[in-house]
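One chain, chain A, appears in both complexes that follow, with chain B as partner in the first and chain C in the second.
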Partner chain A sequence: MADVTNLRTPAEAGLTKLFEVARMKFPTGVSIAREEAFRYFEAVGLPSRRVEAFKYTDLRAALKEAAPPAEAPPADAARAALEAAKGFSGIEAVRLAFVNGHLVAEGSDLGSVPQGVTVTPLEAALTNNDPLLAQLAPVAQTRENPIYQLNAAFMADGALIRVAPGAKVAMPLHLRFVGTGSDAFSTATRVLVVLEEEAELTLLETHEGPDGVAYQPNDVLDVVIGDRARFHHTRLNGEGREAVALSTISARLGAGSHIETVNLVTGAVLSRHQIYLYFGGENATATVNGATMLGNGQLADSTLLADHAAVGGVSRELFKTVIDGDATGVFQGKIIVEQVAQQTDGKMKSDCLLLTDEGQMMNKPELEIFADDVACGHGATCGAPDEDLLFYLMARGLPRQQAESLLVQAFLGEAVEAVTHEGARAALIGEVEAWLARRG
Partner chain B sequence: MPAVQETVDRVRAIDVDQYKYGFETTIEMEKSEKGLSEDVIRFISAKKNEPAWLLDWRLDAYKRWQTMKEPEWARVSYDKIDYNDIYYYAAPKRAAAQSLDEIDPEILKTYEKLGIPLREVEVLEGIAPERRVAVDAVFDSVSVATTFKAELQKAGVIFMPISEAVREYPELVQKYLGSVVPVTDNFFATLNSAVFSDGSFVYIPPGVRCPMELSTYFRINERDTGQFERTLIIADKGSYVSYLEGCTAPKRDDNQLHAAVVELVALDDAEIKYSTVQNWYPGDNEGRGGIYNFVTKRGDCRGARSKISWTQVETGSAITWKYPSCILRGDDSRGEFYSIAVSNGMQQVDSGTKMIHLGKNTTSRIISKGISAGRSQNTYRGLVSAHRKAKNARNFTNCDSLLIGDQCGAHTVPYIESKNASAVFEHEATTSKISEDQKFYCLQRGLSEEEATALIVNGFVRDVLQQLPMEFAVEAQKLISISLEGSVG
Partner chain C sequence: MLEIKNLVVQIEDNRILNGLDLTVKDGEVAAIMGPNGSGKSTLSYVIAGKEDYEVLEGEILLNGENILEMGPDERAAAGIFLAFQYPLEIPGVGTMTFLKACLNAQRRARGESEISTPDFIRQVNAAADKLEINKEMLKRALNVGFSGGEKKRMEILQMALLQPQFCVLDETDSGLDIDALRIVSEGVNALRAEGRSFLVITHYQRLLNHIVPDTVHVMSQGRIVKSGGKELALELEASGYAEYRASEAA
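Then we have the complex of A and B:
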């Protein structure tokens, strides 16, 4: 029985060609890691259904062609794109703007970053071999993830953000990722946030782009959270309807630290958001939520790995998916409790509302436990909106559509409520309402 | 009530006191040549006097098997199996078909503790009180005795070794064999299709409630053999049957392969209740020896309003790889899976179920309790899926794991695939250790630590035990308390 060698797809061959060209242009920082990452990707290729972690999201089939990395856009095009992007625009924040994956100084508040925060554009950091680069890729498991490694190979721009010890930054930092153009392009941005001991930061992220262009963003956020530091993160995926959007957040948690990350998805024809958490210090806590709303033709995948490697970690994961039309929702979650991680308390839940008979939801909430003094639970539910609840609302005079909308809002609300930043929470609720209004 | 005399006699003949003559020397076995080849398959087929179609079926399976790869996705690890180092057929020579007494004293002692041998002897002798259970005893590659056959026949129930059924009811066998687990279903099922030896065949005619419980008792005895039995149960319209399966094997230093296929077919309004107490030799504390239990079990609720219920108590085997499943094809059909898997020592369990909802208004329920102790790894792996047309499908899954000690692992890998808005799926799972409060409460009332643990564990697995036929439930409770000995303190 000979091993079958997969034929390389045009996209895989294209990526190799693109890498050969692009590698010459990158600044020298992390060039070894870059090479290794691409070699890894070349060895495994684009994952298909046969790869367990991609069972429900066939990237091999979805990525027909590799789009070329986008060049920095002309200033007026960048300005126009940033003006058109509305995500979180009502929130007072210090902004960093990326258009087609490139930092645009003109649209960024680089000169007014709050005290205690330093922001270094990634391109500069790579050129100068910034010492913070050593903290990239804080979670080991990402090295076996082809999406993450593709980003590591192609990452062109982004930022290194460091918050000094004890600095509690009240003003949120808003990373705006905006795509523009009429031809397919790809982006690979990398943002590293390092929170030193007892620091605190709120980070907002918005991802927006043109409808009708099959662009391919692959964004990574690396977070290193020091002891007793707190990180609040709210992310909005409002990508264009043809985008194949890949993203990863990988975070390492110090002792007594806290992370809150909430991701709301309405965009992209196919999106996969990966969350890697490594509980390296004792008594760290995490809240990881997702709210996904999908319509015809869309697929959204939320994949989570929480690795408890220290005593007393607490993780709460709640994913809510609403499916309209013939969309597909995917949730894959895995809580690992290592032998040393006694007194871990992990709870993971994925709920899905199917609004039509054509939609589908795939759930895979896994537990992998090696310690005996733990409490871990996982749950998954899936079903149509409760007829009794609908009846109750309709009996009070609401039309069916409105009653259903109300139920959807309440359903997603549970996931969105975890957002600490009031403005961001309100903005996410606004996104839910806008999605429901578009649905009609 | 006694069994038919000749059956009693026949079974007694098997049970004559061979025990004192030692273990492996006394039994004269007839074996195929070692390894797997077309010749071996022809040999098995010839031994069983099989019709040509079945030989072709086997050979076809063998051809396909050669192109297949051993599955690697399960959370188990073991040295590569040399499929050419196994005897695929081993049968006691008829003249010396005295077998069930030849058990190692150690194993006998264990079984005494479990309360199995006495009951088994009683059952085989047909003198079990009140409750009568018809037994098919499969010893290595052949069925050595089937009790109550004649009485069952009066009710129209066919209960016999599958090798006899192939000759006596070829049309039934041909119609249903491989219709639930296709020949090429998976690596081990295909291997089984090529080399299967004995197993039970059950047919319950329309409208008949099987007058007694049916049971097959599997035993691996011979060294270097594998057991590849095949069980086929067909419940025709409106019928009911409860079937029990028990299995044991001798203690040895090397591993033996058990790759069975069980197929259940329930037609309109029929119900099959399939219970297993799996107690294969689990290997020693260091992980030497034990059975590799790689089994494919699947039920097809083919008819409307049919019901299939799997109940399993798993304590044995070095490695378990088994997922008793239900295909809910008929409208309003129902599938159930109740499982307790206890792992100890170096055991590895990767077990669970699949509930595939195809018909309208189908319902399924999964209750799985995993207990890991020692240095074992215990994984629940399950799939619940609702297809487009499965309107109003309902599933409830509850899988709990309990860890005893900090050297073991408990894992849960559920797949929940919903392609239908009217389907309602609920899944919940927890992992915890025995609650200190509960233990303290028991200790305070004078129970020893071991008794307290046993009590709590029994409470934990009660949901499952309630589903077992009465007699098995008692046995299973004993099994569980034994399997956990030494885990506490």
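Then we have the complex of A and C:
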């Protein structure tokens, strides 16, 4: 019988070695779940294109080697990295800064968190076996996802954020994830947000890092949204050009609750953002949007699973992808409507604008419906900028490039407009403009 | 102002213009009339620089300079304006954003400084008032949800803002009710001036009651087959295009 270990890639073997070392150093909290997570990962390995959920994003091929988990950087390096990172810096917010996956107290406003909010660094929570840890991994399907389980095995730092019942927090919380260094490294952060009943929070997330370093972030955001609570989330992937950036948001929605999550992608040579939603309470609503801009050599994958398990859920998903050069965009969206989830209303759409003949977009929408009184739909479009529209704009004096940029902004605008926080919305529009300016 | 000499144009092997000659003088309003399929809209697109058309022969001179090598944006900056027969809707592009971007692009191309926001808003408001354009329309995405008449008025608003030298109006009267026709015509008439000429393309004489032309040209089979004064339009209205179709057949 063949020795199974012989089939493992260097990256998989490397991860096993790294885990053997890392497990000795982790605080004891969640150690059983950690071991189980790694055992799951070892059993399935890095997913290749033969795995349906990774058909277009072959992680087995993309991850040649497992980069070692980053150590906490020296204070001056952390300070310099945070100063260089500009994402959402113009927005007034309470900030939590992570450099190479480690919470940096000096760059964080831990002493001034808004009333009704408690923030516990993950390392401390693991050491003290914080009861909130029981709420990690709020969506069951993530247990069968190798990216999520790798994070569960390696998660070293992050935060537990709890918003008290009824607390409407006006000041946004900004999680800044910044990478620095010249050698490849990996990070595995985990942030858990628990919104108690009728709480409200705006969470901003930025991910930035050095160009030219093949670092490997794998960040997870778990969110538990209590009954009638509201969660607004805006995320920016501005990772360095060589990064292989994996991320997941998994959220469980209570009755009458709402989630809005918008992810804007310009960074990383390969990125995969996974969104898991579990509609556990009745009449919960979700707005899930993506705005992705890719250039030569980049691949970005947005993979969504919305599981409606209660009556009257409403989900709206809109993903807009702009492809330049020979880039590849991937959208996989699956809406599950369980038998109990009558009157579910789900609409999912993926639109792609191809600026060159070399780019490609892969769309895979899926509906699994077990209830009979539902309204669900999906759609996907792909095309070049409309020549008639370009002519109209040019006939008014706009040079071709500017006319095309205006159409790109308009195209992405629809996805960005869903952001409730005005400053975050403006910051995303600024990112679109900056991308277009870089494109020249 | 504009001189077209022996223009031969085809699209996908279909020859549309067959040696068209036309001269429009400084300050002149020239009307082009003609049956369907005679090449009127093609002429307007070729003047504005649409790429789908292949110019096989001839030249278009604006103030003595051949514009055929210029892109549509360069022609716009040089003073060409085409009021579209079917103005396009552009979802996501705010009308004011669009207007300002166009105005500034043309100013930059001419080496002028960008317009200040207060000046821009003042100019837009003044032009909008004259054309009875509701301020709410200006807040919407360009032409999205506008009626046919509103779209045509928006074209004239752009013309008023951009202050072009040579304006082509491609069937601006199509889809307009009587009131909208009056408003649009008044908007055009207000722009008539020395140093600005118009080419008004229409099927019907009624537009020319409002925008009274200096010259009228009949187009058939991709050529100007007859030219005259404004009375020619009245003759056509009475006799129809049969004579010109007959001459084509002959």
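What we mean here is this: the second predicted complex is superposed on the first by the 434 of 440 C-alpha atoms of A that agree within 3 Å, B and C clash if a C-alpha of one lies under 4 Å from a C-alpha of the other, contacts with A are read in each partner's own complex, and residues count from 1 in each chain.
Here is the rule we go by: a residue touches a chain if its C-beta (ideal position, glycine included) is under 8 Å from a C-beta of that chain, and two chains touch if they have at least 3 such contacts.
Note that this is a predicted model, so its numbers are computed, not measured.
Of the two partner chains placed by superposition, only chain B is touched by A:C376; chain C is not.
By the document's definition of touching, of the two partners only chain B reaches A:Q339; chain C does not. In the superposed model, A:A384 lies in contact with chain B only, and not with chain C.
In the superposition on chain A, contact is made by A:A410 with chain C only, not with chain B. Partner contacting the larger number of chain A residues, of chain B and chain C: B.
Of the two partner chains, neither chain B nor chain C is touched by A:H421.
Once both structures are placed on chain A, no chain A residue is touched by chain B and, in the other complex, by chain C. Those residues of chain C that touch chain A in the shared complex are 48-52, 71-73, 75-77, 81-82, 84, 87-88, 90-93, 97-98, 101-103, 105-106, 109, 141, 158, 162. On the chain B side of its complex with chain A, the touching residues are 66-69, 73, 388, 401, 403-433. Residue ranges of chain A in contact with chain C, taken from their complex: 387-389, 391-400, 402-403, 406-407, 409-411, 413-414. Chain contact summary for the complex, chain A toward chain B: residues 1, 52, 339, 342, 352, 354-357, 359-384.
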